[in-house]
Amino acid sequence: MSKTDVSRRGLLKTGAIAGAGVAMPTIFTAQSAHAFTNEPTGGTVTLGFNVPQTGPYADEGADELRAYQLAVEHLNGGGDGGMMNTFSSKALQGNGILGKKVEYVTGDTQTKSDAARASAKSMIEKDGAVMITGGSSSGVAVAVQALCQEAGVIFMAGLTHSNDTTGKDKRANGFRHFFNSYMSGAALAPVLANAYGTDRKAYHLTADYNWGYTTEEAVRSSTEAMGWETVAAVKTPLTQTDFSSYIAPVLQSGADTLVLNHYGGNMVNSLTNAVQFGLRDKLVNGKDFQIVVPLYSRLMAKGAGANVKGIFGSTNWHWSLQDEGSKAFVKSFGTKYGFPPSQAAHTCYVQTLLYADAVERAGSFAPCAVVEALEDYEFDGLGNGKTLYRGDDHQCFKDVLVVKGKENPTSEFDLLEIVEVTPVAQVTYAPDHPQFSGGALGTCNNGA
Amino acid sequence: MGILEVKNVGKRFGGLQALSDVNLSVRENSVHAIIGPNGAGKSTLLNCLVGKLIPDTGSVMFDGQSVLGRAPYEINQMGISRVFQTPEIFGDLTVLENMMIPCFAKRDGAFELNAISAIPAQRDIMEQAEHMLEDMNMADKRHMHAAAMSRGDKRRLEIGMCLSQQPRLLLLDEPTAGMARADTNNTIDLLKQISDERDITIAIIEHDMHVVFSLADRITVLAQGTPLVEDDPQNIKGNPKVREAYLGESA
Amino acid sequence: MFKLEKTDQTLLIVVGILTLFAPFILNPFPEGSAMAQFNAGYPDLMQRFVIFGIFAIGFNILFGLTGYLSFGHAAFLGVGSYAAVWMFKLLSMNVIPAIILSVVVAGLFSLLIGFISLRRSGIYFSILTLAFAQMMFALAYSVLTPITGGETGLQLALDDPRIFGASQTPEGNIPVPGLFGLEMRDSFDLVMGSWVFTFNIGYYFCAMVMIASFYLAIRIFRSPFGLMLRAVKSNQQRMNYTGLNTRPYTLAAFVISGMYAGLAGGLMASMDPLAGAERMQWTASGEVVLMTILGGAGTLIGPVLGAGFIKYFENIFSKINSTILHEWFAFLPDGLEDFIVAILYPFIGKGWHLTLGILFMMVVIFLPGGLVEGGQRIRSWLQKRKSEKNTPNGSTEPAE
Amino acid sequence: MDAIILQILNGLDKGSAYALIALGLTLIFGTLGVVNFAHGALFMIGAFCAVTLSRILTLSHTIIDETKTDFLGNPLKVDVPYVHDIFGVAAGNVIIDWAVPLAILFAIPVMIAVGVIMERGLIKHFYKRPHADQILVTFGLAIVLQEVIKYFYGANPIPTPAPEAFKGSFDFGAAVGFDPNLIIYPYWRIIYFFFATLIIGGVFAFLQFTTFGMVVRAGMADRETVGLLGINIDKRFTIMFGIAAAVAGLAGVMYTPINSPNYHMGMDFLVLSFVVVVVGGMGSLPGAVLAGFLLGVLESFASMREVIDIIPGINQIIIYLVAIIILLTRPRGLMGRKGVMED
């Protein structure tokens, strides 16, 4: 009796159709035929797009899905090719990946690690996906990344910002293009010092879970290094909706800056509440009171509305960037969907292209070959300038954007403006940096 | 010395003295009726006997042991069974199952984790329950849902359930309340039969004089929370105090 | 056989056969066909069917028999998972000790929580259990992160100090849970023409445990203890005045169903060694309530059906996207195709919640006894039709 | 001291929101005996009444501004609200700015209609069904309602600000002699508090002083007897359901400037409001209000960092901890009646 670690429907799909009508043979599949999990042997290759389709991040998931569909279109030679034209690697031909037409399946993570793993498993076991990508939270990213490692497929993380994804929970089969908490802190601190001075007293409100912890740590250490003082850091429950009881004591503490280490709905509510309390109209220690949001997304800005005006934060990418890659992507996305892409859409699109390119360059879909092709790979033309996929932790190193809520937005998508493009050198850290300690990458797993 | 001795029992609800200085002695193997006008404290007294209420003062001794402070199930295990004004049975279960539960309680005590053996394997219990159903003339209804039966049958079932525990004292709370005449007479006959055939003491709270005088060996009259008189039925009938307090009012 | 009555025995055998042949039954459509989307015969989902089946069977022992509605049962599933993963991290990758520990730990938690919560009944009991579970979820997600992994869940790592067995495989990967050398994730495929059937070791392990759990549940239902539990639901007053102490009965039922939940949690971790806090959230507890009521509370098979129904929806319906819809209706003229897709689209894929909500309402409105009642109605309708056929002059029999 | 005063203020404000939702829930439970899991959805629909009104007010036609370009380099399309055309730009902006208060007028008829339709179309058939069925069907309804809202409005929160006039906060501290900025409170939250107490008072007065209210209260106490008196209690109960829906809806409308509404805000409040109702005692209106304020204040205290430093995580569990303690010491919540929802 032969054994497989997961089923290989990608193979069987085509094989079985060819053998349709022949009901006779009863074959247990033989192991030797497959070098790795879900090896695509027919004319197509299946990718799994695992994004939140229900729950609070459903809109972000929808935007990710749009980007994936666009990427598939471009990979298969449709549309205007988008960033494939500006990408420094020219391995992609617009004829699918390694000549195989790209197909995809979608799943709903519900932004819950269990559901995300279930849906990823179904894509691997049922649909024969050879790569899983997507997600909109670090909990999901870490959970699915571990699953992909075990199953022997590649995981290209979507939106995940916690240090842990490429820190203590890193895995050899997983790759992150998105930036992380440390980079946010490192990029923001100089801009904040520049704008608000170096003797600020900061009050942190931190979402009480892993991502919140790493973000608080990163922002604290980089602002304190510039001379800021951290007056207090209070943890807030994930399920909190009304932050008034956390915002109200801020002024009493003598702080003159509020840092909201919140994401998604938490951030929308805490920022709205903070502005409601009129914090930004106050004068403390002779300085204007300021609010900082380390991680911005367009949907968060949209949810918080006018409250974001003038508030600093960081993002991975923004559609108003004027490099050729960004312009090409915005153009093809905007033409197809009628509005500019979000940073989540960008990172997902880029991850798909990077995966496809690595497969082309490696000449194989085998995860270990892909890992080798991506590790320490340097590229350009995908929107963030020269970028390195570091081999030590599978984290992309690239420029980080410091942004600010726009005072006079012209549309519901035009909410943030770029204040500074922080060069990659300033956000690079050593692989053994204490904020990323613990855990090991391990070795790549081909499964099967 | 009776099997049930109530001494100086008093119970207060806020500003209302529901019972005061109640003394009562129920002789073994007798039928003792407690009568009284509405609000005389009959139900309160009963609840003090079964552990649902704890009296403020006094003592309640059953067979030489105090029942005070014990939970209803413990008092029941001592040998006191109660029949309610509206039949309290297991409506969702079949008649046979209803009858089996007290048999289990008698055999296994207040709690027994008997989760694996099948019910039909409990032959002794099955036999007891079937036997009691026949005694109660209900064998043909054994697979009926108890809730679907007539009120008279429910009452009959409830009495049967109490009897299958072989209690030493059976407390009945207006067992014929709301019954048609025919059902009432049937119930009287049933209780008479029980009292004659079994080694059992019965205490009955009743409003209906017909029932009381057809059953009771001894009667306590309760008025305004305190016993007025305790005597044999024929003496009660002629007692002017009783007539004034109770019978006169209803006559 | 099995010391069961005939109908129960038939039921057990039917369930056993359905479970063992699930890889065939759940994959009725050939690979590559448009309907293959509805195939559910892949290991993960099959495992989920039986694991949530166990969870719901256990929940039904409490809710179906005693009527006590616990709104925090997922907490026991959660602690079971944590216990199992810790066992993998510290002791060995064998699933047996992990599952034993998860049952024991869940039993202890349910003993404590049940002891306190069962002091109240009705909705007050429900809210107490809900409160305990929500507290456990909130703490596991935040303050207890060092023990529970918090947001990212408790996972295995390459440097786990495993007493029996290596921290890493020779290839440098994390070992996978197994049963004396049989790896839970191992599968083999059977190809028959266009059909592919996957047989997964983990699934069969879970299936065996489920059949055993189901058998145990039947025994409990039919035992004197089960009778007492139904009596508790029917009339607590009469219980008390029949010399029976209801508290230990309800507590025993609570602990047994908590242990079932722990077993389900342990199995989940054995199939996929990760334990996340979301497993304990009130929505997860609500899900098992829905499974049980949807299938038919108090019936033996109902909860299993309900579990399958909801998990099928969650995993199959959520994956249908507009591209697939367009493929299905590609044979139609373009305008009509777009129209039909536009109508269906809100109900599938990301709209699966909507469809599930509508189905809940339909089932509760029209089938108060759950899916089991639906089955009974169909059966009696079929029987009626059959008897109508058997009376050639067409005269129907008088109603009973 | 100032910190404690501030958290009491906070707690009262939070508590007024809890009390308002719990009140509607109790009203439905007390009158109809129905456990309504869709009550949170009514709150959410109320909030989306405000969103809808502000969408209606900003209904626009587009004009093309040749001088500017959009992100793709095409001429910029500018949306011009019709209200600008009708009332002029200045007056139009004021109307748009006041969308939330205006939405109160809009929400009342909508919510009453939603409530009546819900009661007549669905809930009515569940009066005699077990509580478990009621929970399931209303839970299903809640899912359907929120998914429908999500379909039309998306999953992201939608900012719905208060009128410009109510922005900023009031300095309580300075008013009573503390240093400035120590005890500040946003105007809109103060309004919310008074609005909530007004509605709560209104509901109590309505039940206390009108014949309608007296009949309903009698019906809450003993439905059958009131039915025997030949009073059509069903019709009144339908109206009560409409009123309860309106109360939930108004709570939602007024809540929108505090937190941007999203489709799952009802579910977020559902569990909490049930805890409030049960802690107050099922079926007790004063209990619900009392419990709402109590839990609001305690939650605020638990979120003080001085408290969290002593007991880490207390802010995560305070509500549930209090609920457990109260239910263990007072079997039927703060003011519950015997025998209600205990079977």
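Observations on the model:
A, B, C and D label the chains in the order they appear, each numbered from 1.
One rule holds in what follows: a residue touches a chain if its C-beta (ideal position, glycine included) is under 8 Å from a C-beta of that chain, and two chains touch if they have at least 3 such contacts.
Quantities reported herein were computed from a predicted structural model and do not represent experimental measurements.
Least step count on the touch graph, chain A to chain B: 2. Centroid distances built from C-alpha atoms place B farthest away from chain D.
Each chain gets one centre point, the mean of its Cα atoms, and the points for chain A and chain D are 35 Å apart. Averaged Cα coordinates give chain B a centre that lies 46 Å from the centre of chain C.
Centre-to-centre spacing of chain B and chain D amounts to 52 Å, using the average Cα coordinate of each chain.
Chain contacts: chain C has residues 138, 142-143, 353 touching two or more partner chains. The set of chain D residues that touch two or more partner chains comprises 313, 316. Annotation for chain A: residues 58, 208, 235, 237, 239 touch two or more other chains. A list of each chain pair in contact follows: A-C, A-D, B-C, C-D. Residues 30-32, 39, 42-45, 48, 138, 141-143, 145, 150-153, 155-159, 168, 171-174, 176, 183, 185-196, 198, 272, 274, 276, 278-279, 314-315, 318-319, 321, 349-350, 352-353 of chain C touch chain A in their complex.
Contacts from chain A toward chain D in the complex involve residues 55-60, 208, 232, 234-237, 239, 241-242, 244-246, 248-249, 251-252, 265, 268-269, 272-273, 276-278, 281-282, 284, 299, 302-307, 319-320, 330-331, 334-335, 340, 410-411, 413-414. Across the complex, chain B meets chain C through its residues 50, 71-74, 76-77, 81-82, 84, 88-93, 97, 100-102, 104-106, 108-122, 125, 161, 165. In the complex of the two chains, the chain D residues touching chain A come out as 2-3, 6-7, 9-11, 13-14, 17, 68, 70-72, 76, 150, 154-159, 161, 167-169, 181-182, 184-186, 188-189, 257-260, 262, 264-265, 268-269, 299-300, 303-305, 308, 313, 315-316.
Touching chain C in their complex are the following residues of chain D: 35, 122, 125, 129, 131-133, 135-137, 139-144, 147-148, 151, 271, 274-275, 278-279, 282, 312-313, 316-317, 319-321, 323-324, 327-328, 331-333, 341-343.
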